[in-house]
Each structure stands twice: as structure tokens, then as C-alpha cells.
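Note that the chains are named A, B, C and D in the order they appear, and that numbering of residues resets to 1 at the start of each chain.
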Amino acid sequence: MSIHIQVQTDDFNVGDEHNTLCSNNKSDGAVVTFTGLVREFSSGDNVIALELEHYPGMTEQLLQSIAEQAQTRWQLARICIIHRVGYLALGEQIVFVGVTSRHRQAAFEGAQFIMDYLKNHATFWKKEHFKDSSNWVEFKQSDKQALGKWEK
Amino acid sequence: MSIHIQVQTDDFNVGDEHNTLCSNNKSDGAVVTFTGLVREFSSGDNVIALELEHYPGMTEQLLQSIAEQAQTRWQLARICIIHRVGYLALGEQIVFVGVTSRHRQAAFEGAQFIMDYLKNHATFWKKEHFKDSSNWVEFKQSDKQALGKWEK
Amino acid sequence: MVVGSAINPNDVLSSTGKVELLFFGQLKERLKCSKLSLEITQPLSISELKLKLVSQYPHWQPWLEERELLAALNQTMSSSDEIVKAGDELAFFPPVTGG
Amino acid sequence: MVVGSAINPNDVLSSTGKVELLFFGQLKERLKCSKLSLEITQPLSISELKLKLVSQYPHWQPWLEERELLAALNQTMSSSDEIVKAGDELAFFPPVTGG
């Protein structure tokens, strides 16, 4: 079992990360990835960029702990979590979560669990930049509700 | 909205498919992919390869219809389904499902729905090759049960 | 001139003619047959057509009577009471196992 | 020789000394401060420490008293009754919004 956690300003390459998850891995039949991107429409106005900051040290620990929790609940041989910080323009990649498992159900659920927990617990803060203004993103209740399905 | 369906003997490149899903797509914040691979252990014995055949014409129609159903249920702007046929060695890629959406929940559920329906309805048949023998894979009840969560 | 000979009585009746049969997966391997043209003289249900096949190929009986066998008429999943006409494509196969 | 002067009474008591404070996100922007060393003379709960901060920086009050403000003591999420000692790292921040 392996866990790879990375918080970085640099971009990442989904193809490369996918290859790393699959290489020398003959027992896993399922790979699920999630990629989050800076998208155009948020709360009405046109977002032109995001700015992300985090709590260095604590963030990595939290992501590691979320990945370990996922491995306790599902048979996930490999987990990769990459989260970018800094100034990210429209269309840029923000976050990557990739997991491998023997079974597709576990891979889907594990990846979704990690994203739901990351959204609720990982110490990142996001600011949206518009043409003439900027504002800090508010925590979304829908993200809190998303945790409901894992609490049983 | 776009749907790309491909049944082919050639391998595919997940990085390239991911790029295609993301390029010129500024409204979708979420990309989920599933990749299925030939894995080592199946029913006890060591699989060395799979052989896949399909019903040309009908398969493509079914995959198109599954993708359309997914787009009816979730806001999935782009869907790509690639399924390989022929002789596939251990570790090779079998199937790719990639979807984009404004929201991660829709992307996760849409991709999982497509895989669950593909497993149950798409006209592919799989033969496992072992060192000294081969046999046709039996339909799995767990795949039928997986449909349950979408029938509500 | 042989114009008259181009009019095939089967075309006129349209109920007589060939059904294209396809077999996939383990069924294909057991029957040692992937494709077959079957002449029919009137529309038949899928189960009637199976009986006709068995009468021509008696050793196919155990495989064609498998409870789990599926049928697709003109590339649409079909139940055994659906009617097959000349010119149709009818496929038989075991439960699917892709992905 | 100045050996004696190397023994700092604060080290001996260990309850007196500095707490490293960190602020993130919108809070950091509002306070116009990302980092601060706060001298304490005895262990304090997080809420007592907040009061101490407000007494030193009265204009921070509305932001530090926000109901949704979170605290992490030594990089672990903590409730307001947990005890902060000299040498600890204490961070305040709004609800997280990553991913």
C-alpha cells in the first residue's frame, strides 16, 4: 500500500500520475481519478483566476490522514493526492486524486470519500478573482452534506 | 454536450483522453475517469491475458445509449467511453470512462453509473487465459447488484 | 432480356427469406459457429426459431436451451416471444462480461 | 564566565514564554497579520488567549469573535477550552475551502 501526498505551486500531468498509479501494479483492476479545475462561472460573476493558500505542514498531515482513513475503509492499494496552491488561472488544474483498487466500486467510493473529506477538512483557502474585484470563497453547506453518506 | 464512443483493438492513452475532456472546456470544474486493467488474480488461478469479443454495431449503440442516459440524469458536458477488444495481456488497459461536469458529485456518479451499466448491458464477452488453460468469464451477480443504487 | 427473373417471389411475399443469425462468446465456441443464414417461410417467434434451429442441428439443443441465453433482434435486446421476419438479424449470446 | 546568565527563568518555569500564532485566509487579510509571537506567563485556554489578544489588539475583536472561526493547536484541530502552553503553535482560520 502506498500513499503519495503533494502540495505544490507547479502544475501536474494527469497522464504521468496515472502511469505511476498503474506501473508495476498487476493486482489492481481499477483506477479512478478526480481532477478539479478552475471553472468559469461561480457565484454569477466571471471568475478569471483563483488564489489558493494553505497551512504548510498541517495540510500534508491532514491529507495523509484522509488517505489512511480511506485505506482503512476500502482496499485501495495506491493513493495519490496532489493539491496546488498560489495563483491559478481559468482552466488550470487545482487538485488531483487518484486511487487504485482490485475492484471498481472500492476505487470509486475511495476517491469520492477523499475528495469529500478534503473539501471539508484540508486546510486550504480559496479566493476568487474577477475582472474588477476578488473575494474569499465561503464554505459550502453542500460539501458538509456530502460527508453524510460516509457517516454510517 | 458531447459523447465519444470507441471500440478498438488499439491501446489508448489516459493522459491524451483527459486532455481532450478538458481542452476548451472552461465551464466544467470536475473530471472523473475510470480505467479498467487486466489484473493478475481472478478466480484463484493466475490470469496471463484476457480475450475480449463484442457485437460490432450493437455495442456502440448500447454505449451511446448508456452515455445518453447518464446525461439525462446528471449534468455531464462531455463523456468519453473507450473499450478495447482482442487479446489483452496482464497489466494492459481494457476500458476507459471519462466524464466532465460542473460539479464533482455529478462527475463521480455519472462515471460510476456508466461503468455499472456497461458491465451489465454492453455486448462484450471476456475469456481469461491462464498458463495452461482458458475459460469464459461468468456474469457476476455483484455487477447486477451494483445497478440497484441507480434504480430509485 | 431477363427482367422478369429479377422479381424474386420471396421479395414479394417478404415473409419468406433469410434470417442472419449471429452467435457470440462461449455460445459461439460451443456451437463452433459464429454466423448462419437460416431460411424461414413465415414469421416466427424467437422461441419458434430456436426450435427450428434445434431440428436442423440437434446437437445444439443443450446450448440453445440454456436458461440464461440472451437474444437481440436487429441489435435490440428481445424476449423470446418477439417475431422474427425475413431480412432480420438475430443474435444469441450468454450474459455480457465486459468492462 | 557568564554561565549563570544562560539560565533563563522562563525556561525553568516553562509556563512562561512565547506562543507562535498563525492566521490564514480571510482572517489573515482582515487582521493584516499572518504571524505573531505572543508572550504568555501561564498556560491559557484558547478562548482565554483570544481575550488576551483582543486586549492587545482591540480592533481585532470582531474577527476573532466570529462564530465560525476555527483553531488548530500544534497543527491539530482544537476546541476553545484546550490549553495553550509556551512553545505551542496556534493557528486561527475560517472554514476551509480547498479542492
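Everything that follows uses one rule, which is that a residue touches a chain if its C-beta (ideal position, glycine included) is under 8 Å from a C-beta of that chain, and two chains touch if they have at least 3 such contacts.
Worth saying up front: this structure is predicted, and the values here are computed from it rather than measured.
**Q** Determine the shortest chain-contact distance, in steps, between chain A and chain C.
**A** 2
**Q** Can you tell me which chain lies farthest from chain A, using the average of the Cα atoms as each chain's centre?
**A** C
**Q** With chain centres taken as the means of their Cα atoms, state the distance from chain B to chain C in Å.
**A** Taking the mean C-alpha position of each chain, the two centres sit 29 Å apart.
**Q** How far is the middle of chain A from the middle of chain B, if each middle is the mean of its Cα atoms, in Å?
**A** 22
**Q** Give, as an integer number of Å, the spacing between the C-alpha centres of chain D and chain C.
**A** 80
**Q** Give me the residues of chain C that touch two or more other chains.
**A** Touching at least two other chains: 99.
**Q** What positions in chain B touch 2 or more of the other chains?
**A** 36, 104, 115
**Q** Which chains are in touch, pair by pair?
**A** The set of touching chain pairs is A-B, A-D, B-C.
**Q** Name, in rising order, each residue of chain C that touches chain B in their complex.
**A** Going by the criterion above, the answer is residues 22, 24-26, 29, 68, 72, 75, 77, 91, 93-99.
**Q** Quick one: which bits of chain B touch chain C in the complex? Just the residue numbers, please.
**A** The touching residues are 36, 52-55, 57-58, 61, 83, 94-95, 115, 118-126, 136-140.
**Q** If you look only at chain B, which of its residues touch chain A in the complex?
**A** Against chain A, chain B makes touches at 13-16, 18-19, 22, 25-41, 90-91, 102, 104-105, 107-108, 111-112, 115, 146.
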